[in-house]
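In order of appearance the chains are A, B, C and D, and numbering begins at 1 in each one.
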């Protein structure tokens, strides 16, 4: 039985709350990164995080550590992979959807560092390139608060 | 004028101390990762870090966050790139060598996640693939305390 | 002295002719791939090639060999890198620009294979991600004649 | 029922003949590349090919086209993935093993170009990094006839 648009929207809000509470907030390293979910849009979910002293790589120039960038872009790609799975499971119980989340694993990741990671805050956006039954491929972008493109990434994830 | 083997060894120890103090210990995110330098051998430098609660990605299975892995392997590759530069500058003042360190930047990075990051501690080892005047290419491996290969990486760095 | 728009356009046409004649048509493996230049637009140059029996990898399903895809996307990225250099050299003699072309080299390349390479012809499009003085980073896409996205790539090139 | 060592060796020879005849020799683009199977050793299979005029990218310096390198390393990684599958299917009919071969697909590929591709012939060697039930990850190296390391690669393949 198909769900009505209204209950689908409700599911989205519920899903967002569950993902936020059980996934991001309970994943210790995500807390260190300070990642906040901005959008769970299937075609372009968004995360953001603030610059903080702990995230600095080069203390002379006050720029993000490259590992912060790769970490955030991996999380962003994983979120895209998850949303692709979630779309395929539409109408399934939220618990089942959340369970699938925990099975998603990064196969590999490429990060291209384009500009120094300077800024007061950063926005990461992800895009699905392919959502298969076994593997999802995603593209990710990281912008600073001046909308400069700091880094891009591509990653493959197992989703089953 | 070539330096004697003895003074070269002295330089190595001095360099190690400077790198440790000024680079690793003052780079905030490296402290969060808990990276310790084990070896500055040109052909295969090594780092290690302990599992800590903050580094966990999946709290159910208690495994490293993928971002910790990509971060550490990027640092490892950067160290290989630096040591390649340092080898070319042998006999130059340590200050000049250290200055070059700060100019090394990651162009891009690929990480392959092979096995779950479980363990009490982890060892990262890097290898030079090519050390050019402009670009260095490196290969990296991450092992856990059981000597299982957790992840590998390849990266390119600007070195001038 | 700045060139007028008219002579700049003339340069473009001249450059296109030279690139086509001296680069693509004299590069043996590009002839095997059957690559034709469609557009030298700086922000999104395009190439195309026809499916031919020689380019098949899987003869049962009649799909492109993965190596054809990686080859064409590498050529596309190299073209983006070249056009970035050419833009910086605007107003310089064509000979100088062409000479720079021969110095461009691929540092590394990532290809993601998204869908089977079926089709009567294929279009590759490239985009600059960063055009530095030493390194250029590019993104590439391959579409088939149904506008399905077959593969994407990211690559870094030395440009000096 | 386990096979005796003797019949296992026979299987290897039979498999080699079948792979050579039905796979490499009937795959048109592999013929253009001129790939020959040297070894089907599970832990480090080897291919080789001769320099030929058609494979040249830079006709001034007479070096291999980068696409030839990425093509050969992709084939090498695919062979490693296949041999990993074959090892798991040991004792199964050759037909079944060969059928599995046709289902192997490249998910993604990274190639690092280390030195100009000059030489009279080239040897490619592959190594398994992980052979899972769904995904295999491989590492590849390309040497020239002087044993110089020309390029390396890493790739992920679907194997089911």
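By definition in this document, a residue touches a chain if its C-beta (ideal position, glycine included) is under 8 Å from a C-beta of that chain, and two chains touch if they have at least 3 such contacts.
Remember, predicted model here, so these are calculated numbers, not experimental data.
Chain centres here are C-alpha means, and the one lying farthest from subunit C is B. Between B-D and C-D, more C-beta contact pairs are found at C-D.
Mean C-alpha positions place subunit A and subunit D at a centre distance of 35 Å. With centres defined as mean CA coordinates, subunit D is found 31 Å away from subunit B.
One inter-chain figure worth recording: subunit C and subunit D are separated by 27 Å, centre to centre, where each centre is the mean of the chain's CA atoms. Counting partner chains per residue, subunit C has residues 107-108, 110, 112, 137, 154, 156 touching two or more of them. Considering their complex, residues 110, 112, 114-115, 129-130, 137, 139, 149, 152, 154, 156 of subunit B touch subunit D. Subunit A contributes residues 26-30, 32-33, 53-60, 65-68, 70-72, 74-75, 78, 102, 105-113 to its touches with subunit B in the complex.
Contacts from subunit B toward subunit C in the complex involve residues 107-108, 110, 134-135, 137, 154, 156, 158, 160.
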